[in-house]
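Here the chain labels run A, B, C, D, E and F in written order, and each chain numbers its own residues starting at 1.
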Amino acid sequence: MSKIGVFVCHCGENISRTVDCERVARASEQIRGVAFATDYKYMCSDPGQALIKKAIREYELDGVVVSSCSPHMHEKTFRKAVEEAGLNPFLCEMANIREHCSWVHEKEETTTRKAIELVRLMVEKVKRNVALEPIRVNVTKRALVIGGGVGGIQAALDIADGGHEVILVEKDPSVGGHMAQLSETFPTLDCSQCILTPKMVDVGSHPNIKLYTYSEVEKIEGFVGNFKVTIKKKARSVDIDKCTGCGECQLKCPSKKIPSEFDRGLKNRTAIYIPFPQAVPARPVIDREHCIYFTKGKCKACQKVCPAGAIDYEQTDEYVEEEVGGIVVATGFDLYTVGEQGPYPDYRGYGEYGYGEDPDIIDGLQFERLASASGPTGGAILRPSDGKEPKSVVFLKCIGSRHPSKGIEFCSKICCMYTAKHTMLYKHKVHDGTAYVFYMDIRSPGKGYDEFVRRAIEEDGAVYLRGRVSRIYRSGDHLIVKGADTLSGAAVEIEADMVVLATAVMPQPGIEGLFQKLGISYDQYKFANEAHPKLRPVECATAGIFLAGACQGPKDIPETVAQASGAASKVQILFSRDEMLREPVVAKVNENTCIACWYCLEVCPFKAITQKEIRDRKGNLIKRVAEVNPSVCTGCGTCAATCFSNSIDLAGFTDEQIYSEINALMAVGQDLFPEPGKEEGESPDEQAA
Amino acid sequence: MSDRTEGIREIARKWLGDGTVEAVVGWEQGTYKDKTSPVLIRTPEEADRLLFNERCTNNLMTYLKREPVRGMEKVGIVAKGCDIKALIGLLQESQVEREKVKVIAVTCPGVKKDDGTVPVKCRACDVNTPTFYDEIVGEKVDSSPEPGARFEGLEALDAMTPAERFRFWRGELDKCIRCYACRQVCPLCICSRCIAEKNQPQWVETSPHPRGNFSWNLVRAYHLAGRCVECEACETACPVNIPLMLLNRAMARTVKGAFDYEAGKDPETQPPLRAFNLDDDNSFIL
Amino acid sequence: MEESHGTEAGTERVDQETTATSWEPRIVAFICNWCTYTGADLAGTSRMKYPPYVRVIKIPCTGRFDPLFMIKAFERGADGVLVSGCHPGDCHYTAGNYNARRKYTVFKDLLATLGIDMDRVRFSWISASEGGKWVDTIKHFTEVIRGKGPFREYREMIDVG
Amino acid sequence: MPYMTLDRTDLPSLAEALAGRGKRLVLPVREGPELFYREGADPAQLDLSTIPKNSIKEFLFPKSEKILEYEYTGNDVVIDDVDPDAGPAVIFCARPCDAASLPVVEPLWNWDYKDKFFNERRAQTLVVTYACRTAPDDACFCVSVGLSPSSDQGSDVLLYPVDDTRVAVRLVSPAGRELEEVFSGFKKGEVSEESLDAFAKEGEQSLADRKRLDKVKNWLEGHFEDPLWEEKASRCIGCGTCTFLCPTCHCFDIQDESVFDGGCRLKNWDGCQFSLFTLHTSGHNPRDTQPKRYRQRILHKYSIYPEKFGRILCTGCGRCVAHCPVNLSLYDVVSTAQERAEKGE
Amino acid sequence: MTYAYYPGCSLKGTAIDYHTSAMALAERLGIELKEMEDWVCCGASPIHQRNPALASGVANLLLSLSKGISPQVAVLCAACYHNMKKAEVEMREDGKKRSEVEEISGIAFDPEVRTRHFLDILDKDYGLNALKEKVVKPLSDLRVACYYGCLLSRPPEIAFDDPEQPTIMERLLEAAGAETVSWSHRMECCGASHAVPLTHAVLRLVNDILQSARAAGAEVIACACPLCQANLDMRQAGILTKFGVAHNLPVVYFTQLLGLACGATGKEVMIEKGMVSAAPMLRAKNLL
Amino acid sequence: MKYQIRLTGDNARLTREINARCGVDLTQCYQCGECTAGCPMTPEMDAGPTKTLRLIQLGMEDALFDLNTPWLCASCETCTARCPNDIDIALVMDVVRQMARLKGKKIPVKQPRVFQDVFLKSVENNGRLYEPGMIAFYNLRSGDLFHDVGLGPKMLFKGKLPLLPHTSGNREKLREIFRKAEAFEKEAGKETSREAHADPGHGSGSDT
């Protein structure tokens, strides 16, 4: 027989004003298994807690129901008090007779009776409670940062500066990401490379950072504090240790007509190349798809000229394993490309703009390269088709974005600002030119942002037209842009020399593959989902994985950097202890009855369930069963509710506990269909009285 | 039909002879009227007992989940298209390994019930010629599912008021004697411990009184939602003639309508209660 | 005696019982810890008022809701059962409510097929900030259940043969 | 001695007359393709075309029956005895194999414990049996267990459908004879005792090919381990159809059903083919495979029960043969045993 | 290859040359265009401008006339194609719409039926390679501006080629040896539905289109719609009066050019029918 | 400024009525102007499609039916094809014309309406369109007696105009469809329309 103590709180008058607390206590005494029941003015006060502790010792209670406010209010308080009295804290439950009863009902018989029943439900539950111990998890104090753009760089540096080792994995040959491609940044117009390059160098030389460029995450196993990561180092064909980065190979490479990714096709590169002068590491890589040796079997020009003997055509992809405790995902974005065959097959193109195939229709990043001093034109704004200076440039915003019929409904957030910046950069370089901007709304909240847009209009004379463009076609030397200005209500036709499309900010194409490996969820556009949009914006639902930057949604540089530092801080909180304690409200499998149908495994949002093989002593497989990793399980109980044979249960909310609560809803003594006029079944205290 | 019988025997002889399988599960002539009975054939000599005819109503897949077949390394099984749907269900739920089961599919123009009528599953059949097997016997039979046949019983039920429906089911389910023939014969009732056998806590009362019967039949239908392949084994087995398929088909209709899913079609898909879509119907949730 | 639910018989009974005021609706609410439970707390802190016939059984997440709970609640005398959790997209555990929604979809149709009066079953999403919605939901549901009267049909199955 | 005859068409009225004095009335009616004994059915619906799918067992030994109630008050338990929910009853037109099951199981209910629930019902139940002119079904094998299509065992009254229109009445038991007046009220004619003998002979003749199972017990005693069990019963799916339809199977389980502060104890049908039937708390199950469970069923019926009570626990009604979902025929198994015993195997 | 052919009113009137040339071409290619019996007018633009449900009802009647010939309905007129295809797609995809239309027309919709423009038939069913084999007189040295107008591919649901950048006519004419020009106004509306009531507005649109074609160096415009042809061809006189521009640019049907390439005579394709005759130019290039 | 917008509550009823008539939800329009930008007739229009949709969103019934825009729509569907929100704008224009007719509104620009009427009358009468008759009748009705009169003889000369009308065996069937469709259009949107009329002064624009 259980020995449960029931402690009914008056909460000053908050409860006792409408609930007869004394009667609740007396009724509770009558419940089977209740060894002690009392009421008190303030249970949460020190004397109230002392009362509970005393009763636990005196009556050797094996369970406690505090009947007072919401558990969200004081569950921790009372569990701690119970623990101090030597009882396992999970043997204490609360019956919420304040928020769910006294505050929401009038002073009536039914209200007190409800309170009694709520206590009864909880007593029945507590009878089935068992002592639970917090789950301890070891923490490997090394971090993995995926993505070497400004977000990844910031996160890696912060963690490394905090004294922890960081593995930074970047898929491209150099770190830097999109920020390295930018000319200047809004709203200060400072040079992007000037502020980024020092950070790139820091990453390359930091003693705590292990940099894997031209590498990808191949596999991830484990859980928070204990991830095992397999990294694929793609074959560079260059021995990075021998290479001095002198660049001779680039000069001699005969394959020179490959559109440069870094310059977004506005300039060509060679097959062996350093992506851009400030690259970190400043080491070349051979693009095997275009290399003459790799495609035709002959050439080896680079090998011949390399003074360091660093060219290695035999290099193969290499796989390394690293153990880490926390992961920062900073895989960034790419721009939606206008056209039928973009990298985003789910989204249609823009046939009415000729699919953007006209060389003088470019995107925002291409414009950045044109405006960049280190870009293909040395910073001169020249149109790609013939190198002439464009005298009128039309900027189109919301291309792809806010375009439900093209499948993308979100606002790309940064376009309004960078387009304003583009008009300024243009005007600063082409004084007699005019910039036109077609916009639907100007979204410029942020410190100094709206002022910046106003400056573009007021000082640099950008002509802002509120409307979209229906068609762009070439007419001789010009592009005809047919748009509308909804403010005047008129159709607008502009003869443009160049058109810049502010295309949607999209996640890296194919990034969902990585997200699936990580077990993190993503939205319909493949942006990673945060654990909570307000309160846990840098965490993933999967413990130990954090987000930084535009992989989560469109973000500008300050936001990316701030979030990266936030993620780094989360990682360091994780690393601040040798061991993590986790709530023991976790699922548990009954291996005897589990039939390995794997429903639980599929519905678990946290990948906390894995397949386990049970073998006999000789190693023969007896059966497979589901196994819950308590370090990963967060206790939602979806597995338990899904399991047909009820072979998984959730500690703290076991089937037996819930069953007992439901069972306590009805007592034999209750007359469920009373005759008219007859009093309803008396509650136990009335019988006693 | 006889060529199908010969075809089955031939393959069984071959597989048993060359050790491809340890045993073959098939049908043999029963001893009562014209019924057939499931049989486990272990030697090539015994293969001549196997047969196929329009009275081969049993779904043999139920034997894959029970001893001795469950323990075998390799087993052959004779199956109609409808039976193979159950196999697909078992594969989806990892209850059997594809390599372990060798299927002798048999094309089937339809079977007949004990009273000589054609079951709904045959009238609605879309797998007269199976497409998932290791070997197939019999001439190709084109499928021409009767439109509406599958859900025809539901229309009468739909037409009732809820109160009438409740009375109808109360009458039917009161008859239940909890023999569990429905569960035992079902190829997809895969639990080694049925929820009805769990007594700590006892969610489903085992007593064959109206309340226990209601819970049991409700839970059975729920646990088969999106999984039931409509082989009708349960309804055929029920000794008190409860129209169990009405419940199963109602669930099939829901699952088809809500999740565009049909059980037993594709081993690669996720059963509907093992997955979700962000844009699943939300209209009924206030 | 003719036993039925549905409005005809229901109304009659109600008249009789509302005048007698002896029968009280019994509503069981399975609600998730993070959204609806907190929403109900908010209703309390805001001192909103609603009828006292609801008994809350807290579960961590609607994902934990097993339709067996509902059957058992009806067996144990519930006249109405409410299941409520976080709105889609708000689940504390990211996806528990999506899984729950699939279960509801299937289960509610099963109940309807069996002739359970679907007015006695209710699913809702009530967030932590929707104290008012919790109150409205309980008020309305209580009214509906009052209108229906006790769930005699179900409870009368208790008598053993 | 001649016996009175009634018109067949008068049977519904007869049933009503017998049940007239507030008795519960059970009779076979058609439901869909099959017949069932149903309590409270309309006598006009009486259908005698074949043997019903259920047996009359459920009217004496219900599938679920409350045997006590309890309630907690504080920490005490108060237990209330429950009386059988029974009253006078008439089972009208039972088949001889069903009626014969009553004397078969009576010793069981009165062995070390006298079961008041069965006994009280038995005492209040009048069984009017309708003899089979010929075997109503291919599955019948009453002659194999020493009974016949016109056996009067367990019957209070036996009706002989001597031809298409007339039914002869034989009042078998004292309780039956007390009803002479009721029957006389419907009397239309008479038949001779010889014609009843001829009737009985015709019935037995229709089952001439059925084996007498007199050597089965011996054989079973020597063949606890035998390939036969695996061969026949590996197809058994372990449901309760055969045991629940059987008029003589009588296993039950005790279940407590409780709510918060009390509940009741129920006696429910159970079946030896269920895997839980002999499962020990330890997890060990002495009959852990289906063939073992099936063997137990045969052994109990043809060896253990006869050993203890002197009667085969089977009346050859054939329901387990006709309705087994996988067509595992008990007759097939026991007749094989008989054959092998005859061959000395 | 047999198709249920729906000519529509224009093809038996103002666009008799389209009809005749298409028949001549089909015959040479071995395609049977079997005219549906008792067809009625599809109602063109006025019908849906008046009442969209009426337009669908009439289209359903027209689709039903294909019964007994082929579920594949061949259409030449872009307006007819637009009305019929739109109704067909709508009915196939929207059950509610379907029952509405069935109610109005009193005719059950046959979901098997497919409205096909002749361009689409030539491209997908017949094939460019097969067409190439039938070319006996390549249209060498002929610079054609292919004009699509609006109704062939709008809304995008009814388009049989890229709705914004179709190339189907170019591909067919290039297969016949012509040179096609790249020009900006191939998809711009010529305003044909207003050709009668709002002539002044239409002149502006037509002028822009002709200007663009000429600027691209076209010698002839090919089109696939009787309304476009009539509008672009007949309004050239009005343009001369209003804008003082003499375009003198022949506007012909693609079937006429393909017919010539496949060996039909000028008479067989009625090449003389245009207001601005293409005959002199074609003769000069030895194509007549 | 001819109109002043006075919002007094239910300004969404026009939007609802149009939705009821053709299933197009104009709350989705975010006034980007792409329809106006691509419309070939914009230069002739008083408002352009974007503004027209705006007036509907605001429930400005009087202003809406004063516009020539819907009547100048050439039904080229460029707007529909390019609308970023997949709004079938061309259909809305059709429906506005239809509503104007059903509500007996004065039509601001006569010719397209007359053309539509005579065209459909010709079709309804003959089953097929008789172009010469239609043009002659149009000129008569529009008052522009000599419209395109110069083209006629040329076309006749070219053999492009038939001298006698074609008729079709399905003429009766066609007429029946005309009748049923007319009944249908009156039924559709009746609810919203009735509701709108029962509630005058709600959100409608008024003359200043």
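In this text, a residue touches a chain if its C-beta (ideal position, glycine included) is under 8 Å from a C-beta of that chain, and two chains touch if they have at least 3 such contacts.
Because the structure is predicted, anything quoted here is derived from the model rather than measured.
*Asks:* Treat each pair of touching chains as one step and give the shortest count from subunit B to subunit E.
*Replies:* 2
*Asks:* On the document's contact criterion, could you list the chains that touch subunit D and likewise touch subunit F?
*Replies:* A
*Asks:* For the chains other than subunit A, what are the connected groups under the touch definition?
*Replies:* Apart from subunit A, the chains cluster as B, C, D | E, F.
*Asks:* Taking each chain's centre as the mean of its CA atoms, which one is most distant from subunit E?
*Replies:* D
*Asks:* What chain lies farthest away from subunit A once each centre is taken as the mean of the Cα atoms?
*Replies:* Max centre-to-centre separation from subunit A belongs to D.
*Asks:* Between A-D and A-F, which chain pair shares more contacting C-beta pairs?
*Replies:* Most contacts of the two pairs: A-F.
*Asks:* For subunit D and subunit E, what's the span in angstrom between their mean Cα positions?
*Replies:* Centre-to-centre distance between subunit D and subunit E: 84 Å.
*Asks:* Can you check how far apart subunit C and subunit D are, centre to centre, with Cα atoms defining each centre and the answer in Å?
*Replies:* Distance between chain centres, rounded to whole Å: 46 Å.
*Asks:* Please report how many Å separate the Cα centroid of subunit B from that of subunit D, as a whole number.
*Replies:* Taking the mean C-alpha position of each chain, the two centres sit 31 Å apart.
*Asks:* Approximately how many whole Å separate the CA-defined centres of subunit C and subunit F?
*Replies:* 51
*Asks:* Counting only residues that touch at least 2 other chains, which ones in subunit E make the list?
*Replies:* 163-164, in rising order.
*Asks:* Among the residues of subunit C, which ones contact at least 2 other chains?
*Replies:* Subunit C, residues with two or more chain partners: 72, 76, 95, 99, 103, 160-161.
*Asks:* Indicate the residues of subunit A shared as contacts by at least two other chains.
*Replies:* As it turns out, subunit A has residues touching two or more other chains at 352, 592, 603, 642, 655, 659, 663, 665-666.
*Asks:* Provide the residue numbers of subunit F that touch subunit A in the complex, in ascending order.
*Replies:* Touch list, subunit F to subunit A: 28, 30-39, 42-43, 47-48, 50-51, 78, 82-86.
*Asks:* Going by the contact rule set out above, which residues of subunit E touch subunit F in the complex?
*Replies:* Where subunit E meets subunit F, its residues are 9-10, 12-17, 37-41, 43-54, 57-58, 61, 65, 100, 103-106, 149-151, 153-156, 163-164, 188-189, 191-194, 196-199, 201, 204-205, 234, 237, 272-273, 275.
*Asks:* Looking at the complex, which residues from subunit B come into contact with subunit C?
*Replies:* Result: residues 157, 160-170, 195, 203-205, 207, 209-211, 214-215, 218-219, 221-222, 225-226, 246-247, 250-251, 254-255, 258-259, 272-273, 275-278, 280-282, 284-286 of subunit B touch subunit C.
*Asks:* Inside the complex, what are the residues of subunit A that reach subunit B?
*Replies:* For this pair, the touching residues of subunit A are 524, 592-593, 595-599, 602-603, 624, 642, 644-647, 655-656, 659-660, 663.
*Asks:* Spell out the residues on subunit F that touch subunit E in their complex, using ranges where they run on.
*Replies:* Its residues touching subunit E are 22, 40-41, 43-44, 72-78, 80-81, 88, 91, 93-95, 97-98, 101, 111-112, 114-116, 119-120, 123, 126-129, 131, 135, 138, 142, 147-148, 150-151, 154-155, 158-162, 166, 168-171, 173-174, 176-178, 180-182, 184-185, 188.
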